[in-house]
Structures are given as C-alpha cells and as structure tokens.
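Please go over the structures that come below.
Same chain, two partners: chain A is paired with chain B first, then with chain C.
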Partner chain A sequence: MAFLTIQILNSLLYASVLFLIAAGLSLIFGVMRIINLAHGSLYAVGAYVTAWLVGRGIALGLPPGWLFLLLPLGALSVALIGIVIEPLLLRPFYRRAEEYQLLVTFGLIQILEDSIRFIWGGTPLSADALMDALPIIHIGGLLYPAYNLVVIGIGVVAALALWVAIYHTKFGVMLRATSQDRRMASALGLNVGLVYVMAFGIGCFMAGLGGAIVVPTQAAVLGMGIDALVIAFVVVVIGGLGSLKGALVGALVVSFVRTAGIQFFPELELAVLYLIAALVLLVRPTGLFGTA
Partner chain B sequence: MEKTPTVTPTVNRRAFLNTLGVTVGGTGLIGAGLVGGSQLLKAAQDPAKGRVPDTPFRTGHMTFLTGAGAVLGEPSIKGHTMAAEEINAQGGLLGKRKIETITADEAAGTDACVKEVRRMKLDAKIDMFTGVISSGTSPAVGPVAEELGLLTILTDGCTDFLFDKAIPNPKYVFRITNIQSSDGITAAIGVAQTWPHVRKIAHIHPDYAYGRNASEHFTLALERLVPGTEVVSESWPKLFTTDFAAHITKIMSAQPDLLVASVWGGDYVAFYKQALRYGLFDKMKVASTIAFGVAPHAIGKDHPEGVLAGVHSNYYFTYPGGDRWPLNKSFVQRYFKRWNEYPNFQSEGAYMALYLLKSAIERANKLTGGWPEDEAIISQLEGLGIDAPSGYLYMRPDHQAYKDAVTGFSKNLPDYEFASWDPARIITIPIRNITAPLGWPKPGTTHNESTAAANWIKTTWPKVVG
Partner chain C sequence: MKPDPNAPRDHSLARLAAAMAPVLLLLILLPTFVETYQIQLVTYGLIAAIAALGFNLLLGYTGLLSFGHSAYFGLGAYTVAFVVQRLGPHSMEFYILIGIPVVAIASALFGYVCVRHTRIFFGILTLAISQVVYSLALKLYWVTGGSDGLRVPRPALLLGLLNFSGPRGFQQFITSYYYYVLAIFVVCVVLMWVVVHSPFGKALQAIRDNEVRARFLGLRIRRFRWISFLVSGTLTGLAGILWVPLNGLTTPDVLYWTFSGEIVFSALLGGFRNFTGPIVGGIVFTYLKTYAVATTEYWQLLLGVVLVTLVLVLPTGIVGGLSTLGLRLRKGRS
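For the complex of A and B:
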C-alpha cells in the first residue's frame, strides 16, 4: 500500500511540472495561435537560472528558508525573456504562414540551448539545498522528500490561479476576447499588443516556474528542454491544444500512465504514451478538450 | 541417437576470479600491452628523417557539442585540444606539421553525422578523423570512413557491433576505448568479488543499444560468477530522462539486494540525487557500469559511498594514483592547469588518440623517412603499444585497443570537491581475460549471439559453484 501511495504522489509530482509546461504552451497557442517550439527551452532556462541563483545564494550564506524565494525569481527571469522576445521576435510572424512561426521558434530553441551551454557549461547544475531544507517524511516505512509535496502544491495553486485569472478577472475577459477575435477586440479599443505580451509573459512564467521547482529534485542538465517539449506535446495532443482544462487532464493522464508503464510494463514505458496520444488523435483529433 | 548434454565445467569462485586476474586495491598495473611504449612527452625528440612538409595536419573531431550528450562531449574536445596544443608546442607532428582541428556536432543525428564525415574528408580535406561518443554513430560513420579511405581513431562509440558486424575487417578505422561488452562484464566481476551473496537483482538501463548491451553482458557474466540470482525488477527509462521518481519507487518495491545501473551523464546525476532522497542507497547495493563516467566534478559531495561506480571500464583520473605512474600524475596536473577541472575517460581517450597517431607516424618515419603514407601509419598503428595516463595501451592488430578494465567504489575524500574513488578498493582486470580473443568467430558466422563476447563467454567460461 505504501508503495502505491508513493507512486501516486510520484505521478502527481510529475503531473504538476507537466501541467505548468503544457498550460503555458496551451495559453500561448490559445491567445496568439502560435506554437512556441522553444517553450521547453524556456523551461530549461528557468531550471538553470534557479540552480545558479541557489548556488549564488548558498555562496553568500543565505539561510535555506530564504532560498525558496529564489524559485519565483527563476520563473520571473523567464517571463522577462518572454516579454522581450514576443514583440521583437514573434509578433512580426503572426500574419505569416505557420511554417515561418515554426521556423522562428525552432531557431529560438537553438539560440536558447546554445546560450545555456555557453553560460553554464555542460556540467549538470544542482539546487538540492532546497530539497534538503525540508524534512524527509515517512510514509508507511518508506521515505518521501517533503519538498516533492511542495511541488505538487505549487502545481495545484498554479492551476487554480490560472483558472481564476482567465475566467474570473477583467484581464481574463480581455484575454479570451482577443483569443476569439483579435480584430474585433482591437476595434473595441483593447490594446491587443499589451494582451499579447502579457499572455506570452504568463506562459513563459509558467514554463520557468516548472523548471524552477523541478530543479531541486533533479538537476539542470543539457537537453532537458527538448525532452520536456516532447512530453508537453503529448500532453496537449491528449488534452487539446489551447485548453486549460485539457492541459490539466492531459498532464494527469500522461503522468499516471507513465508511472503505470514504469511499474508494470517497463519495456513499453515510452511507447505507451505515444499509443495513448495516437488513440486520442484517432477518436478526437482536437484532443479531449480542444476546439481548434 | 541421444544427444550428449553439454556439461558446463564448474569451478570455485575465488579460483575463477584469480584466473581472471582480478586485482583489488589499485596496486595492479598488469598492462594489456606486451610492448613497452615510448614516453609521451620526451624531453628531446629524435629529429624526423627526410623531407617533411610543413603544411598543417587537419583532423576532424566529432563529438556532442550540444544537447544532453555534451556532458561527455566537452571533456572529449578538451582532451583532444590539449594533446594538439602539446604536440604543436613541440613543432607539430614530426616537428613540422601543426595539428589543426575542425569540429562537428554529433547531436545533429546519425544521417547528418555521416554526411559531415564525407564533407570533412572531401571538402575540408581532413587527414584524420577522431572522436564519436554514441554507439549509434560509430557503426554509421565507420563504414563511410572505410569507403573514403579516411584514417580514423574513434575515441568512444564503443559498441561491439562496430567490429563484429559493421566493419568486421577494418583497414582505416581504429578504436581506442575498451569494447562495450567489457563494461557489463567488469561490473559483474566487481559484484562477484565484493557482494557474492546478492540474489535478487534489479536493473535500470537507458532504453537503447548501450543499456541493452550493458544489461546483457552483466547478466551473462554474473550467471557464471554468482549462480542462483534472479532478476526481480527491470526499468528501461528513455535516454536523457531526468525524472526517475517512479522508477526508484518501483525498484524499491521489489526489495532487491542489488541494483545494476547503466544510466549515464546528466541522467545519472539526476538519478542518484532522487534515489538518495528516497533512501534507495540504504536498502540495497548499487553497481553501475558508468556512474563516474561524467566529468568528475559533475558528481556532488552528496553522492553515497560504497557504490560500485564504473567508468565505462576505461579510466578514472585518480588511477594509477600517486607517484606510481608519473604519466597519469602529470597528465592530470596539466589537464587541471589547462581547463581548471579533472579529466574523465573521454578526455583521456581523445588525448591519447593524437599521441597514438604521433607515435605511429614517428615510427613510420624512422623506417622510410619523409611524411609516411597512410598505409605506413596504419601498419605502425596495428599492434602498437604505448604508455597512456590510464596505463599500458595496446592496439590489437584487429584495430580494437586493449587496456586494463578498471572500476572502483565511491568515497568522499577530503582532497576533492566531489565524491571520487576509494583508492584502497580499485578493481582492475586484464582486458584480455574479459574480451573475446583475436580471431574469435563474429556473430553471423558460426554463431548468432549478439556479440562475439557473448558467444565467447557462453562457450568458454566455467560456472562457479558454492
């Protein structure tokens, strides 16, 4: 039983991080109709910046509790990058064919991945001081790091906050209006440019937050962004691109199925995810909650 | 007619490990090489004979410059660069030809790598090709190098498949790192030597050629060294996965005595950090083929002690240690001075590839004078013995290098900022005792095993009793 409990917690942990990445990807697509291939690399930047900040913090003698304040800082740094690249790099391509958008965001992957290697080198960067700042708890004679529960909690809070922001605030109304009809929203006096930059910033913040909270449990390693992008695509294919609910359900499906695969069908660990994605595409080509 | 059942000969474990020549304690330096090699950095060099052109000698070094593989690619480039700088500081090859390097990114994918090798030879006019890390790349570029007549020293990409199947009779392609099957066998010997009482075994390997090879050869060897074991859990994470929480819980739920792992690079760093917090290392022994294969400083001080932390059976910078093998001491010092970090097996392999070439060229020049043709260099490379930081290195006539397989146990020493090897528990095995001998039938000839090594083990290894 204890093992089952821990596997469920493991799945929720993975789902939290996946949700943060996929929700950002979906939000950006929902508002701007652009598939940001560099989204995974922005997640990686969040992880690297956070690990680097934690390293600096420890060197400066910050007490462990204070290090937790560096998590949102890592996420904010990614949001800042987003706020810069949306108007400068992406906006000129919204009216072009999708191929151009894919090309420019693919180029962005290369730039970000190379920048990461240039700045931080090839050696993995860790931030486990955060993990060790919290106790290891006992669940039925097994160990579980309490930090992982924090990650799950952040995932839940992020999902709620995003839902409130989109469906229960004025900004959410603007966001949805722009998403439904950009020209009409503009004609009604909405500053569409501002909505775009904010939506992109929030999407990047989510990705950065995913990277920030995951890095203490693992390490920041080269290529983590590409891996994350691929899995995030599986999530949005299952859940439906552009849907917040889809990102949440997709993340849960992917992480529980992956855990079950690992536990019961180790040979099929990866294949089983793609099989589900393929099945969803066959039955509901737009994903479970997609409308596009 | 009734078939006579084949009887596997049996033997006592201690006696068997002795016949394998296993040495513990890091005192052995038996050497695979039969010939004493020349020192790398000779104070005075014999002047080259005859007319040698002073045009640069162009090498193409391919390794992972981007992506997750760069964690091994960086040390590879650094080792290569340092060797080139040292040789050039002495005037270059034969004192005349400076080594120039162009690099290519292995992360571009197999097809792109093959094209790049062609381009480097035909457009960039390289004289020699070096590098390669992935076992997916070497069997793809090997045949192309043969076809182009391109002198090649692979510094990893150690799959048995390369010389078993892809190019069974190589002419231009050499490989300087130990063959892959020796990795799993070395780990199995380490386990049999240290923990002969383990019975329930769990496995975790990256789901691609290397993980499969490591798992297969580990199991083959362990079945003979420690009979009566059973596999109680298997995990095949995707290569470059960093989330291992579910794998770890699964492994722990099977309650094995031993976990065998061939997860490497950043994946291993992420793995051990998670496994540590889940208490995995307290519940079982852990044996890895390649845990310490990354650049040494990538491993933290938090790494648990007593883990069999393999280095791809090739090289760890603290062995041979102390003043016993000055070549390693000075290599590590120079490498640290140049790059402000310690070398790994990729650094040493890439470094030695150029010195092996240098030695072959000098020998060929002594015979014939002038700049030697590729044919002459190749005939010198075949059977060449040379002193390397890792010990004696011997290039078999079939182009696969031989050096003692080595593995060790993790320990936190005050000397380093990271966990390293316990100097008292380093295990060395003469490579000839764990690889199929020269001329052993290759897969697809008289047998259909996955590797010549697998067939050799099944045919010749006795089974331990008791």
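For the complex of A and C:
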C-alpha cells in the first residue's frame, strides 16, 4: 500500500511540472494562436537559472530556508526573456504564413539550447540542496522527500491561481476577449499588444516555474528542453490545445501512464505515450477538451 | 500565397536540361582540378541537396512543415548498417535495393498517421515520431550500438566492378563515389521535376494554396498528402543510404531533432518556394556548417541566429532573393 502511495505521489509530482509547462504552451496558443516551439527550451532555461542561483546562494552562505526564494526568481527570469522575445521576434510574424512562425521558434530552440551549453557547459547542474533542506518523511515504512510534496502543492496552487486569473479577474476577461476576436477586442479599446506581451510573459513564467521546481529533484541536463516540448505536446494533444482543463487532465493522464510505464515497461514508456497521443488524435482530433 | 508571376511557363524537361547542362558539366569536370577533400565535401553537399529536395516536396509543394525528416534519413543510414552487419555483401546497389523499400514502408506508415493533421499538429507529430526513433536507436544498444553507432566499411560500386581495398583505396573511392552520387542526384532532380510538374504535383500545390477549393474540385486531399509524404520520406531516406558509406559510421545523431533542423534549414536557406532552392541550400549549408563547426563549438547557436535572421529578412532564400534581384535588374534595363 505504501508503495502504491509513493507511486501516486510521484505521478502527481510529475503531473504538477507537466501541467505548468503544458498550461503555458496552451495559454500562449489560446490567446495568440501561435505554437511556441521554444517553450520546452524556456523550461530548461528556468531549470538552469534556478540551479545556478541556488549554487551561488550556497556559495554566499545563504541559509537553506532563504534558498526557496530563488525558485520564483528563476521563473521570473524566464518571464523576462519571454517579454523580450515576443515583441522582438514573434510580433512580425502574426500576419504571415504559419510556416514562418514555426521556423522562427525553431530557430529560437537552436539559439536557446546552445546558449545554455555556452553559459553552463555540458555537465548537469543540480540544486539538490533545496531537497536536502526539507526533512524526509515516512510513508508506511518507506522514505519520501518532503520537497516532492511542496512541488505538488505548487502545482495545485498554480492551477488554482491560473483558473482564478483567467475566469475571475478583469485581466482574464481581456485575455479571453483577445483570444476570441483580436480585432474586435482592439476596436473596443483593448491594448492587444500589451495583452499579447502579458500572455506570453505568463506562459513563459509558468514554463520557468516548472523548470525551477523540478531542478532540485533532478539535475538540469542538456536536451531536457526538447524532451519537455515533446511530452508537453502529448499533454496538450490529449487534453486539447488552448484549454486549461485539458492541460490539467492531459498532464494527469501522461504522468500516471509514464509512472506505470517506468515500472512495467521501461524501454517502451515513451512509445506508449505517443501511442496514446496518436489514438486521441485519431479519435478526437481536437483533444478531450479542445476547441481549436 | 499568390502564384509567382515570373514562374516559368514552359515546364518541359528540355528547359531543365538546358538549365542544368552547364552546372552538370562543371560538376563532372570538378575532380580534375580540386583536391580529394573538396570532392568529399561536394559529395556531402549533393547528398544534403537530395535530402532537402525530398523534404521540400512536403514544405514547398504540399504546405506541410516536417520537423522529423531526420527519422527517414537515419532509417536509411541504419538500414545500410544493419545490412552490412547481418547480411554481409559490400555492394552499394544491394544497400540501395534493400534500403529504399525499408524507408518507403517507414514513410508510408508514419506518413499515414501524420497527414491526418496539418500545420502545427503535423509538425510536432513528425518531431515526436523522429524522437521516438531516436530514443529507440539510443536505448536498444545491443542492436544499434547505442551512442557509439555502427560502422559501415567502403562498399563496392557497380555490382562489384569497382573495389577499393588497395592502399590508394580512399582517394579512388571518394572520386568514384562522387560520380556515383552525382548520377543518382541527377536522377532524383529529374524525377522530382517530373513529379512537381505532373498533374499530381499540380494537385499538391492546389491543396497547399486552398484546401477547401481543392476538396470541392474532388481531390482526395489526405491521399495526395500521404503519397507526397511517402515520396518525400523515401527521397530523404535515399540521401541517408548514400550518406552512410561516405561517413563510414552512423550514430543516433542523424536521428536527433537537430538533424531535422539542418534539413529544414537547408531548404529555407536556398528558398523553399523555388524548385532549385533546396538544392542550392543543401550544398551551401554543407559548406556553411563545415565552416561554422571549424570556427566555433557553438555552431548550432550560429545556425539559429542565421535561421531567425533569414526568416525575418530573406524569407524567399538565396534562390528567391537572386531571382527577385534578377527581375529588378531586367526591369531596370528595359
């Protein structure tokens, strides 16, 4: 029973991170109608920046409790990158054919992935000091790091915050209005450009936060961004692009299947995920909750 | 997407032959006045051109952007390596004979799934499939050699007529193989020219430009896209088959997403709206990459910057840019 509990907790941990990445991707698509292929790489940047900050923090002798304040800082730095990228690189492409949007974000992957290698080198960067700062708890005789529970908590809080922000605030109304009809929103006096920057910034912040909270549990490595992009796409394909609920359900499905996969058929766990995504695409092309 | 007003009206093969003849003559004479290394580089360039030409049938003519063409290139390369390991005969013709059906079947299978979607879904689906193939090549190391890859020795050409085991085998192989690849390259270009100017090719372009109208005309859109995918993947796979004896080794690197990126890049660099664009792009890219790799460890970064700049400033690529320039000059004169 304890073993099962731990497997469920592991799935929820993974689902929290996946939700943060996929919801960001979905939010950006929902509002701006573009797919940011570099989204996974932004998640990787979040992980690297956080790990680097934690390393600096330890070198400066910060007490372990303070290190936790570095997590949102890592996420914010990614949001900052996003706020620069959107007007500079993406804005010229909204009116052009979709191929060009994909190509430019693909170029962005190449730039970000190699920049990571340039700045932090090829050795994995870890921030396990954060994991060690929290106690290890006992679950029915098995040991489990309490930090993982914090990650799950952050995932839940992020999902709730996003839901409140989109459905119960004035900004959310502006976001949804722009998403439904950009020109009408603009005609009604909304600053669409600002909404776009904000939406892209929030999406990037969530990707960065995903990277920030995952890096204490597993070191940041090269190539993690592409893996994340592909998995996040499986999530949004299952859940439906542009849907918050879809991102949540998709993240849960993918993480539970993956945890079971690692347990029972480790060589094929990725293949099974793609199989599920392919099945959903064949049966319901818009995903379970998608409208796009 | 407006039709190109300066597109050639006469699509006959004679026109292609006339345009290709001087270039071909130059390429045939090339080994007489450059050193072995340059010949090797041009051979790599021609192979990249074949891969990009195949890729562009999807992007330029069908309007589908694949981020996973490394899968077909890599499958071609790995098939040759498996044939060498399991079956033995060191004959290039044998490799091609086995390799082409394998990549054709793989393209048909993957394509069948991928063409159910267009636009971004198509892009990521192709990327996802190529990543699965990559991870399999990496994980099933007892079959694929893992990250060490598989070695492929120099094969005999023309049914064993040409063998390269002597002390000067390397130089002889490079020169002979150059002509071998050049011949196949010419066949591929002619074949592709025929395909894109056939009723089938016209149908693909109609689907690309207006899917709804094409459907009202009674075209079976999904089937056309599927066949286009099949031809495209097979041609890129053929490039992989030709590439591996030249490289002598195949590693999972040729299955990785960055390699798909290189194919996309080649097509874009030359200009994916032109027939000759990907050919020029493939050759120029090979030189560009060789230069970039020699200069900096972070050549991927360099390529990314060039790609973004290219999309922003010169979306029609080298060939597109040159033809616009040529048109302007002609207008200025008259």
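Worth pointing out:
What we mean here is this: the second predicted complex is superposed on the first by the 289 of 292 C-alpha atoms of A that agree within 3 Å, B and C clash if a C-alpha of one lies under 4 Å from a C-alpha of the other, contacts with A are read in each partner's own complex, and residues count from 1 in each chain.
The working rule: a residue touches a chain if its C-beta (ideal position, glycine included) is under 8 Å from a C-beta of that chain, and two chains touch if they have at least 3 such contacts.
Please read these numbers as outputs of a predicted model, since none were measured by experiment.
Once the complexes are laid over each other on chain A, chain B and chain C cannot both fit and instead clash.
By the touch criterion defined above, A:I226 reaches both chain B and chain C.
When the shared chain is aligned, chain B comes close enough to touch A:R258, but chain C does not. In the superposition on chain A, A:N10 makes contact with chain B only, not with chain C.
Using the contact criterion defined above for the overlaid structures, shared-chain residue A:I28 touches neither chain B nor chain C, since it reaches no partner. Residue contacts after overlaying the shared chain place A:Q218 against chain B, while chain C stays out of touching range.
By the touch criterion defined above, A:L143 lies against chain B but remains apart from chain C after alignment on the C-alpha atoms of chain A.
In the superposed model, A:E113 lies in contact with both chain B and chain C. Of the two partner chains placed by the overlay, only chain C lies in contact with A:E98; chain B stays clear of it.
Look at A:T123: by the touch rule set out above, it reaches chain B but stays clear of chain C.
It is stretch 241-249 of chain C, out of 97-105, 205-213 or 241-249, that runs into chain B when the two complexes are superposed.
Comparing the two interfaces of chain A, the one with chain B and the one with chain C have residues 113-114, 117, 226-227, 267, 270 in common.
Those residues of chain A lying in contact with chain C across their complex are 35, 37, 89, 92-93, 96-100, 102-104, 106-115, 117-118, 226-227, 230, 233-234, 237, 267, 270-271, 274, 277-278, 281-282, 285. Listing the residues of chain B that touch chain A in their complex gives 66-71, 73-74, 207, 234-238, 240-243, 245-247, 249-250, 252-253, 265-267, 269-270, 273-274, 277-279, 294-295, 297-298, 300, 302.
Residues 3, 6-7, 10-11, 13-14, 17, 113-114, 117, 121-124, 126, 128, 131, 136, 142-145, 148, 214, 217-219, 221-224, 226-227, 258-259, 262-263, 266-267, 269-270 of chain A are the ones that touch chain B when the two sit in their complex. Residues of chain C that touch chain A in their complex: 1, 59, 63, 65, 67, 113, 116-117, 119-121, 123-125, 127-129, 131-132, 135-136, 139-140, 257-258, 261, 264, 268, 298, 300-301, 303-305, 307-308, 311-312, 315.
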